[in-house]
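Shared chain: subunit A. Partners: subunit B in the first complex, subunit C in the second.
Let's turn to the complex of A and B:
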């Protein structure tokens, strides 16, 4: 179809405009506004009269120890949960790929954590990891290997481990489905050829399966890294940053500064630092992808 | 490939193990929701309730409170309306982006993709300011445009793929017959892209149904809450959290999702549109 006359151009315009209008008002304008505000003095007391202060907000962010804690926590979360859920998801996909009966059943069961909402999953984990919860009871009264007083959610690293455990648990199903679809695409002749050559299973995996699903691995890696930076609800509901903001992630800390202390300028600058870090990571990931393809 | 019995056994063993880990928290939630509320602080905690103490009292309480019924209806209203608007607007946009490629449409598409990378919650401050300016605070309507705009980029991206795969001959012959662009869109493009539109809409419904940060920020009144906010609303209300109520309401809010999941399982587990549930 061509845009060779006025009527066609008008019709195309009418089709595009509702989505673009919504997108412009509720996403583009807030992005521009956020960028603008990150260079202004903007807090509860100066809600309506903001003065330009250059990069001061950014300086404050980089000097803030709490920022670095939340930054470190987010990076650790990404470094631990992304490869772990990819590995476990791939293992489940490979296991299911090799069976005939109940393949659908196992995929459904392992996908259930993905459709369980973050709110519900976080609360169940909070309940299990409570100091009076099931896990402590299991450790101390069934296994008899410790006291039943472990404050899982009240310490920085144990709290983060629970948060990361939840993130991994919830992500395995997504990876399983994505990798299972990729495994189905690997030409069966490749496997037959390798079994004729007498390849061992493990060698077949590294020389045939892994290279064939490489694009999917990279796709999952990029998507999950973005997802890891999005971590918010689980932290908010399980630890809420406690103790003393040691388990905050970038988004929970941004939210806290905006809505609890009213430092909007700080949060705006933090949002851009975060978006910029994510963009850097994405560029790095795409560099690796294109390098490996050469 | 020939598999030995032993390797098959190992596969099933590990698959059952993974499935147990996947299901364990949910089973524990169901079992807790069936215990009497008073038993929840009892020592020792039990994974399964005793048969004689199983009770539906938590569910009875939830279903007897009119505000929870309202929360349920609020969630249905907000999620349905926003996925409906998103489906229509994204399909129209995807049609144009897929069928009319020029510098402008390519630029629009690139912009949509770039915003998919930005975590949605980073924009919460200016979006909150926008909602204040539009006088939407503490109103259910405040959720709809934002839920719509969050799913537009991904929906457009997915549906565009379907629009591009429409055979050129079909569109050309319709054009020769004198069909306008609107006619081609409604009569040819939409029917052919409908599997894509349907699957995207199902995923969008899930993400609107479970959305927490935004609803938690703009809505306060317990009658206007959506389900995720109603569930977290139990905390801080009493000195002890009534976990029985929390999990009974959680189960009830999970029920529609489970029904959708089981009815459309092939959309979910085939991996075609798996990207929809991330983030």
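Let's turn to the complex of A and C:
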């Protein structure tokens, strides 16, 4: 359908309007309102009448030690889980691509964690890593190592490692599917040519497979980074920020400040700080992508 | 092309008719004289309280008031607080809610509650039928913003078998308690670790009974100052005892990785704990064969002081205040209070307290505990104070600060919040 035809334009406009309206009501307007909130004194005692306070909320955010803890935790989560799930997903995809039998079975098995609910997976992980949980039972009662159970979920870094472990485990399947699809697109002739030239497997992987699926790698990288910044359910259910807010991530901290202490102005400012950081990272990622493509 | 035009025309008709029907159905309901009162509460979904509410109380109220319909919505305890905060920003509040007494100062500061003593002509008659101590929880800035609905406190639960195995008697003083907790802790016959005391959190609800019983305090009586109270020698001694028991492995429960309270107590891993009246029903359901007993919190230099809990029923600013008031009076009346007492809710209605149901129940130790129990700070910043206390406790437990340092810093922080 050509859009330079007037009646076509009207028709497209009418057909798109319900979706655009919903998008505006539920996305655009709240974002504008949130931006407005972030410059106002908006807390429990000023729920209905707010005064403009400029960038004070932003200043408070940057001076808050808990913000920096949650920000660092989120960055660490992204730096660890994103490359790890991509690497493991790619390895699984290559292994499955290489087998003739049972390929579908393995694909399903690896994809199961992805379709498992975050809530259930988090609760199962909590059960495993509890101080009196399955892993400690295995370590102290079966392997008989050490007398005291390890407090996996009760320290900042060990708690974060469990959260990152869950994030990685749940992400491998998605990466496998994406990379598997990309591997199928690599022309078979290239592999034939390289084998005729006497290339070893490793050389083939780095010279043919990897360059051919580069766009997919970059796509996964960007998507997973955004996903990593959105980590919430697993933290909320496994540690809920404990001990003393040391395992909070940006979203759990934002939720806590808004809905447990009623500091909506603070949370609004925090959400823009988070969006801005994510935008910066995305710009950086796209720079790399466009450089590589050139 | 023609087909496409026809298709888009049909779609527009469909959308338009859908919105018309939606409008239509709304009109039907508003045409009747029935008033719908939204009641939010935190009686958990499957609990006996919720069944009594939906099967006994609401039908009875609706029979008495045929033009009022009650729409009761159950929330999780922690979720309800957050939900009210969220809904207030969109001005979509319930008419009536059952609120933890700790939330009321916060909601009052938000200006979303109705001051009942000025708005309701028969307020004095109603409030005089309820316990004064419980009503005091709704008194904020010289006005009453709710009616007391039920009260509670915490008493000590002990696992009879575990105490017997360790050869200790039920502690009645804090000195005995400290020794008993240490003596019980260690390993059981299966080689599993066991603890003398369980404390499921580090907020004021958990720590205050110790501070008060050791003779300390959070703030002064007027709730204007914490320096000299939370960091007084008595308060510090209470926290030091608590922390040293934790470090010796005799006390646990507040870490995310710990065994949940009821399970730990029911499976003979935690020997003692402080808990509210709801725990009896919970243990009966989950561990019916468990042999346990109850006693007052052990007395220290400050006496045997537990923490006052409970719920108020509050009215939010909305269009149906008369109907909401009728429902609140019904819920705090003798009939409803007695029915709820059957499910473990400690009544505040003076007449309900005199009924046989209450007199013959397991409530006796709680009624005793309430006589000396104290309320946590009733200020708008109470949840922030709670958070600061929790952070300070963690700083001590992890060894970042000594008890003295942490309590001195905490006093300055609470002073700023008051």
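Keep in mind that, in the parts below, the second predicted complex is superposed on the first by the 282 of 294 C-alpha atoms of A that agree within 3 Å, B and C clash if a C-alpha of one lies under 4 Å from a C-alpha of the other, contacts with A are read in each partner's own complex, and residues count from 1 in each chain.
Here is the rule we go by: contacts are C-beta pairs under 8 Å (C-beta built on N, C-alpha and C of every residue); 3 or more make two chains touch, one makes a residue touch a chain.
Being a predicted model, the structure only gives us computed values, none of them experimental.
Novice: With both complexes superposed on chain A, which partner does A:44 reach: first (subunit B), second (subunit C), both or neither?
Specialist: Only subunit C is touched by A:44; subunit B is not.
Novice: In the overlaid three-chain picture, which partner chain does A:274 touch, first (subunit B) or second (subunit C), both, or neither?
Specialist: first
Novice: Is A:261 touching anything from subunit B or subunit C once the two structures are fitted on A? First, second, both or neither.
Specialist: second
Novice: Applying the touch criterion given at the start, work out whether A:33 contacts subunit B, subunit C, both or neither, answering first, second, both or neither.
Specialist: First partner only.
Novice: Which of the two partners, first being subunit B and second being subunit C, lies in contact with A:239: first, second, both, or neither?
Specialist: After superposition on chain A, A:239 lies in contact with subunit C alone.
Novice: Counting only touches as set out at the top, which of subunit B and subunit C does A:196 meet: first, second, both, neither?
Specialist: Touch partners of A:196: none, neither subunit B nor subunit C.
Novice: Comparing subunit B against subunit C, which has contacts with more of the residues in subunit A?
Specialist: B
Novice: Answer with first, second, both or neither: which of subunit B and subunit C does A:133 touch in the superposed model?
Specialist: both
Novice: Quick check on the superposed pair: does A:19 touch subunit B, subunit C, both, or neither? Answer first, second, both or neither.
Specialist: first
Novice: So in the superposed three-chain picture, is A:143 touching just subunit B, just subunit C, both, or none of them (first/second/both/neither)?
Specialist: Neither: A:143 stays clear of subunit B and subunit C.
Novice: Once the two structures are superposed, pull the subunit A residues common to the subunit B and subunit C interfaces.
Specialist: Correct list for subunit A: 11, 15, 18, 132-133, 141, 258-259, 264.
Novice: Taking the touch rule as given, give the residues of subunit B at its contact with subunit A in the complex, in rising order.
Specialist: Against subunit A, subunit B makes touches at 1, 3, 7-8, 11-12, 14-15, 18-19, 21-23, 25-26, 28-29, 32, 41, 43-45, 47, 85, 88-90, 92-93, 95-96, 99-100, 102, 108, 111-112, 115-130, 145-146, 148-149, 152-153, 156, 171, 175, 180-182, 184-185, 206, 209-210, 212-213, 217, 228, 231-232, 243, 246-247, 250, 253-254, 257-258, 261-262, 265, 268-272, 274-275, 277-279.
Novice: Can you list the residues on subunit A that touch subunit B in the complex?
Specialist: Interface residues on the subunit A side: 1, 3, 7-8, 11-12, 15-16, 18-20, 22-23, 25-31, 33-34, 37, 88, 91-92, 95-96, 98-99, 104, 106-121, 123-125, 127-128, 132-134, 137, 141, 169, 172-174, 177-178, 180-182, 191-192, 195, 223-224, 226-227, 229-230, 232-233, 236-237, 251, 254-255, 258-259, 264, 267-268, 271, 274-275, 278-279, 282.
Novice: In the complex of these two chains, what residues of subunit A are touching subunit C?
Specialist: Contacts found on subunit A: 11, 14-15, 18, 44-45, 47-48, 126, 129-133, 141, 149, 151-154, 159, 238-240, 242-245, 258-262, 264.
Novice: In the complex of these two chains, what residues of subunit C are touching subunit A?
Specialist: 4-5, 8, 11-12, 15, 81-82, 85-86, 88-89, 106, 109-112, 191-193, 255-259, 269, 380, 383-384, 387, 390-391, 394-395, 397-398
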